[in-house]
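Below is one structure, written out as structure tokens, with a few remarks after it.
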Amino acid sequence: MLNIADSAAAAVELIHDGACVMIGGFGVAGQPVELIDALIEHGAKDLTVVNNNAGNGDVGLAKLIQLGRVQKIICSFPRQSDSWHFDEKYRAGEIELEVVPQGNLAERIRAAGAGIGAFFTPTGYGTPLAEGKEVRELDGKHQVLEYPIHADFSLTKAYRADKAGNLVYRKTARNFGPIMAAAATHSIVQVSDIVERGQIDPEVVVTPGIYVDTVVQINRPQQQDPREEGAA
Amino acid sequence: MLNIADSAAAAVELIHDGACVMIGGFGVAGQPVELIDALIEHGAKDLTVVNNNAGNGDVGLAKLIQLGRVQKIICSFPRQSDSWHFDEKYRAGEIELEVVPQGNLAERIRAAGAGIGAFFTPTGYGTPLAEGKEVRELDGKHQVLEYPIHADFSLTKAYRADKAGNLVYRKTARNFGPIMAAAATHSIVQVSDIVERGQIDPEVVVTPGIYVDTVVQINRPQQQDPREEGAA
Amino acid sequence: MSVPQNSDHPLSPEELAEVVARDIPAGAYVNLGIGQPTLVSNYLSAEDDVTLHTENGMLGMGAEAHGDEVDPDLINAGKIPVVETEGCSYFHHADSFAMMRGGHLDCCVLGAFQVDQQGNLANWHTGKPDAIPAVGGAMDLATGAKQTFVMMTLKTKKGQSKLVKECTMPLTGVGCVSRIYTDLGVFLLEDGKVTVRETFGVGFDELAQQVDVELTPAQ
Amino acid sequence: MSVPQNSDHPLSPEELAEVVARDIPAGAYVNLGIGQPTLVSNYLSAEDDVTLHTENGMLGMGAEAHGDEVDPDLINAGKIPVVETEGCSYFHHADSFAMMRGGHLDCCVLGAFQVDQQGNLANWHTGKPDAIPAVGGAMDLATGAKQTFVMMTLKTKKGQSKLVKECTMPLTGVGCVSRIYTDLGVFLLEDGKVTVRETFGVGFDELAQQVDVELTPAQ
């Protein structure tokens, strides 16, 4: 049954030390800024974080890393012009890094939500990121065996939820939201708007309510101008 | 580039003898009746057909089977109260049958469209349908290795297309449509309506146009009352 | 023996459906198999806030459609026309079975030919050599949900117990059944042990004599 | 030697982008990598009916957004704000990379550090031991599309050819590149053989001396 939290702080309160937390967003699009801030405030530590990047500037995920709360990060692109906090922790050996090709990251997250135990993918074959992994020739291509990435919690942002937990997104802010919500045992979603059941057309639901555990309404989420963010 | 065919006959004309053809629909919902009729008329033979069932009554897929055009069928539920043409061919050894659990059928079709070479799934472990298949224990469960089902053509039904080939469906008629269109080298879709680009909201597109090769408009598709169809 | 006998007669399918419905927690996501399990939906009220999944691509399935409500594009997995409920959603077949395989459904209620004390289920194939195999979504349903309940008459028409030591028919799923609802009693399965939670129209001792499996009374 | 020299000077990135654009067939679905390949979009006209894919979840990506057009929810894979085109669509990350991995994109244009004569691509990691690895979608792009084109300057700033016998940097993809567009010429790769289709600001012989790979003239 859907939990509608009163605040971002209440939405993240169950996140425990040592949890694996998926965080949605690609660039500024779909970043659950208020939920990440609430997680920083909450204080959970020894986290494993799954995100496309490893934080930008001094806020959000970068801040969480700076504070030493992140033990391991699974992402596709940690090194950015303004990922200095990650860089510093990484070079000091204080954070573990698993780099995953972005499409394999997405498919591994999808596999977790879909109950797939492992899958063969051509991406990464013959590269350092596939070293030591099982390889098989399938459909005329060498393919690498990859495993699902499960999470205890996911923090994502959608545009609107109804009271059954159904979600719709906006434009490219959809990105990792649907698959992370499905892959996490407890999915936490911030939305701009919560409407009654029946107010979202069942044909256009992107994330069915079964995947959503907690929603919190953040009417006017912070959103940085993408032109001010560091390069990818 | 999208091919807008003038008729169902023109839409299916490239289907060759020996082709693997996926046919959408679950019960009467989403059955591309006019495309199947056109395929019957077209005359292609030695077909492998992928469908959830093996035909009902004396029309559509059942007729195609009766006419001896189907060499092999891959489906989840061939035996129905009115699948007499399939039953007869099967007992006479004139049609090959591969029975696949419905969820594995769907995931194998999805894998073909998604470029996944094989995947482990718990469904079917320990049953006759997994005999001889590779098994591995993953996530605490025995899982069976399953392979994608690729097709040369798919025949499916959607509700509306725009001229970029984007599709939306109606209710449970969506079923196998999106995954079959993606799994087939050449996807053929009948729709009730073709609209200009920009007339389908990009947020609600279910099948992006990249998966659609040919569309044909069938304004008032035949649709049987579901209450008159044989039991599942 | 402390097993409560909660009825003076064996339960009808409708009465049994009501027992199952009472056990489904509020807010649950549930798939009801074709046949007898479908009856369970008649005993779920709006306050229970139970959401029904149908594997042909819908969450929030409503009741059977009648008359003008019938829409050929809106059917359930049994190919019966149904209606929407508020808050429902549609998705394609791969997404629908991903939802099931991924363990997101709280429970699934299925019919059965046989269930054995290890929780193995046989409900898709009689094993007769001339039968044409047809599985549908049975195997996906059996192994996908968090809990799989079976709902069946305890005995075949010929009077043989369908709760057995070891299934003789081809399996649908391995070790997947955790609870069996029958006209004569409710059985809980755990680690090969079969516990009787309650009986209907029969005492525990009498029931134990009719089943070739060792039964343990609850408590 | 029959290789046409189609320019009296090495091509600028913009001129090269125009050459690439001319080679993209009408109606194609294309992914343009971050950096130089993005320029190609400036030379595609509406009549070409080319649909751009951006791996963060959109087909039918339009031009860079300016001023009031900027929407933080609408960016491309380079995290640059863009606009919609008519007939565009959105989807999530797994669907987006399934589209790519499944071979549905007709072509992908990528930058490179090195390409070798076997079509191996290195464009994600310099191989320096202290570099922090970061791959993004590079590996998925390299192996997913029906054809992978590389667009790069032929030489590094230090004057070394980036077209090599065997990549020394860590690979992005194996045998994936079929064509290389450079400021000095266009190279076609097939079965380990490197054919020069055309040259820019240099003759075939002169070009062949600058590259430590055996080059074959077209025709």
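Note that the chains are named A, B, C and D in the order they appear, and that numbering of residues resets to 1 at the start of each chain.
Assume contacts are C-beta pairs under 8 Å (C-beta built on N, C-alpha and C of every residue); 3 or more make two chains touch, one makes a residue touch a chain.
Remember, it's a predicted structure, so these values are computed and weren't measured experimentally.
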item	value
Furthest chain, CA centroid comparison against chain C	D
Centroid spacing, where centroids are CA-atom means, of chain C and chain D in whole angstrom	55
Rounded Å distance between chain A and chain C, as computed from the means of their C-alpha atoms	36
Where chain A and chain B are represented by their mean Cα positions, the distance between them in whole Å	34
In chain B, residues with contacts to at least two other chains	107, 110, 114-116, 121-122, 141, 169-171, 202-203
Residues of chain D touching at least two other chains	58, 84, 90-91, 98, 100-101, 144
Chain pairs in mutual contact under the definition given at the outset	A-B, A-C, A-D, B-C, B-D
Partner chain B, residues of chain C touching it in the complex	34, 54-58, 70-81, 84, 90-94, 96-98, 100-101, 120, 125, 130-140, 143-144, 170-174
List of chain B residues in touch with chain C within their complex	26-30, 76-80, 87, 90-91, 97, 99-107, 109-110, 121-129, 141-142, 169-179, 206, 223-227, 229, 231-232
Residue ranges of chain A in contact with chain B within the complex	107, 111, 114-122, 136, 138-139, 141, 143, 147-148, 150, 168-171, 201-204
Complex contact set, residues of chain D against chain B	26-27, 29, 49, 51, 53, 58-60, 84, 86-91, 98-105, 144
Of all residues in chain A, those that touch chain C in their complex	1, 110, 112-116, 162-164, 166, 182, 196-198, 202-203, 205, 208-211
